[in-house]
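The same chain A turns up in both complexes below, where it pairs with chain B and then with chain C.
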Partner chain A sequence: MSLEITCELCPHHCVIPDGGAGDCRIRVNLGGRLVATTYGRPSAIHIDPMEKKPLFHFLPGAPVFSIGTAGCNLHCLNCQNWQLSQKGGEEMEQVFDLEPEALVKTAKAQDCVALAYTYAEPVVFYEYVEDSGRVARAQGLRNVFVTAAYIERAPLKRLCRVLDAANADLKAFDDGFYRRVNAGRLKPVLDALVTFKQEGVWLEVTNLLIPTLNDDLARIRAMCQWMVRELGPDTPLHFSRFHPMYRMRNLPPTPAEALDRARSEALDTGLRYVYIGNLPGHEGENTYCPHDGTLLIARTGFWVMENHLDEEGRCPKCRNKIAGVWK
Partner chain B sequence: MPEVPQQDRWSLEMKQKMRSGLSRRDVLACLVGALCLPFAGVGSSAPAGRRYPADHEAAFYRRGGRVM
Partner chain C sequence: MPVLRPQRIHRDWPLLVLIVLQLAAIGGYLGAGLNGREGGTGWRRIDTAELRQRVESGRLSDHEALWYHVGRD
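Let's look at the complex of A and B:
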């Protein structure tokens, strides 16, 4: 009898022989049973400000207990966390033993208001996120998912029940880019972003702008128009600055002008909150009222320097409500 | 004059340093390193006796290969 199995968590649908692992390296077929080998075994743990996710419209300045395990279902040539994402669990030197209850207890002891599943790709440690999310919810913590959103609809829909916010990468509005640079496809990512929105999870989108590869203004415009249409104009978009990394060291960091141009283009399409990341001190890190231009939240890097919103998230001048989760 | 490749520049610097002997700063750095060595890795590995990797059954899979 064949012990081969098919993983249906992400669009890869890996067919895994007995003893083998999926493309993510951490979902392993053991005798015809699929095992999540990094369950309760994070390899990266930090307390970060919410802005580092980045989430700019979700509990500004709040400390988030952030974890990540080995493994990823994409293989981006420019990965910033490749030491974690492009390895299997057994290859990690640093592994913490934190079952969901212990994880939540530790986060609460550190006065964190939320757990973030991040660093590599939380889709691949799905079961750990789901169980931890349930325990965290029961104890008054929020759950934040930082993802490339390469996941099938049914599992994502189920996971959304425990998620409060997500920052999802939209790496390019170009299927060819996804195939060449990320070893994935565009369509499932777009579907996942729509699912987050439909399921009521607060969503922010990140687009890492890589010189010559995905900085074409026409494509950026098309991406933003799609966002306005499918996700709504209140969905924040973060244009992030690329730095040469991993297997993509041949390209220079994104020039500030390219980020400015992309931001102007995005604002022109009707998106109301467009940010620039990885460029500390840039005015594109701040939140401005889309109605009267008042400075609402001033940031430097990951730090909130001023916050003028009231508890309901209203502009102090025009009293219009700013989209987001503020308490 | 042709540019010296980075790798060669480092080894040149290292050779010059070795000829000139270790500075006080180098000795201090070695001492601090030696003192810290016993503590390196504390809390950074799986506790002894714990099985690894985890044996938690995953969701969303089915028996059999791809349906063609």
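Let's look at the complex of A and C:
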């Protein structure tokens, strides 16, 4: 009898022999049964401001109880959390025992308004997200998903039932980049972003701009045009500054001018909210009214310095509603 | 411009073959890089004994995953 298992969670569709793990390292075939070995076993726990996800149009300044487990289904050469993401559960020294009920109870005790599934790749601890999300919802907490969006449509659609907001990476608008740098493909990611939108999850997109690899303005323009068309012009886009990391230490940090050029290009395509991240003090961290240019939310790094939106999320000057979830 | 005489080609053929092979290898490498590899590696060998020990002790979970089937696609 074959004990081989095919995992259908993500587009890799790993065929896993008995005793082996999927490409993500943490979904393991034990005797013909696929086990989510990091279910209830996060290795990273922190309370972050919502802006760190980054989510700029979702409960500004709110404290979020953030967790992540080992494992990832992508293998980005520039990974910022490779000590967590590129390891299996059996390799981690620090593992907490925090089943969904205990997780939600701890988050509430810390006065957090939401749980964030983040740090590495929450797709690979799918079952833990779904169960925790359900418990959190029942107790009045929101659920935030920070992801590279490399997941099949059916599982994502089901997961969206418990998700309130997502920040998804769109690493490049280039399939070759995904194959070379991330060990993935572009199409499933685009499909996942559309699914988030269709399922009513508040979505913001992050694009890490890497010098010479994905900073071509024509491709950036094509990416933004796709966003306007498929996700809508109100979808916030965060251009994030690259820092040399992990297996990509041969490239310099992204120059501020390159981020400025990308932001201008994105705004020119019709996107209304385009931000610059990892560059504290830059005006691209602030939210401006797309109708009259009024400064609505001033930020420095992950901190909200001023918030002039009213409770309904309206511009104080022109009274237009700003897209987002504000309360 | 230097002209390659037949006797010189005859003498240097091992070098020419080596150059051609090297160019083919470089071309193949660059071609493979352009095409990239499709997604992940399918599955990974892990320290199963350590994993089983951690699962049995409760340090890791035995929770059954969703979205799989037994056998190949």
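Rule of thumb we're sticking to: the second predicted complex is superposed on the first by the 327 of 327 C-alpha atoms of A that agree within 3 Å, B and C clash if a C-alpha of one lies under 4 Å from a C-alpha of the other, contacts with A are read in each partner's own complex, and residues count from 1 in each chain.
In the analysis below, contacts are C-beta pairs under 8 Å (C-beta built on N, C-alpha and C of every residue); 3 or more make two chains touch, one makes a residue touch a chain.
Since we're looking at a predicted model, the values are computed, not measured.
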Which superposed partner A:P316 touches (first chain B, second chain C, both, neither): neither
First (chain B), second (chain C), both or neither touched by A:R185: second
Which of chain B and chain C A:N73 touches, first, second, both or neither: second
Touching partner for A:G19 - first (chain B), second (chain C), both, neither: second
Chain touching more of chain A, residue-wise (chain B, chain C): C
Touching partner for A:E93 - first (chain B), second (chain C), both, neither: first
First, second, both or neither for A:G176, with chain B first and chain C second: second
Touching partner for A:R41 - first (chain B), second (chain C), both, neither: both
Touched partner set for A:Y126, first chain B, second chain C, both or neither: both
Set of chain A residues, in rising order, touched by both chain B and chain C: 2, 4-9, 13, 15, 27-28, 30, 32-41, 89-90, 95, 97, 126-128, 130, 152, 154-155
Residues of chain A defined as touching chain C within the complex: 2-9, 11-17, 19-25, 27-28, 30, 32-41, 73, 75, 88-91, 95, 97, 126-128, 130, 152, 154-155, 176, 178-180, 183-185
Touching residues (chain side chain A, partner chain B) in the complex: 2, 4-9, 13, 15, 26-28, 30, 32-41, 89-90, 93-97, 126-128, 130, 152, 154-155
In the complex with chain A, residue positions of chain B that touch it: 44-47, 50, 52-66
Residues of chain C defined as touching chain A within the complex: 33-48, 50-52, 54-55, 58-73
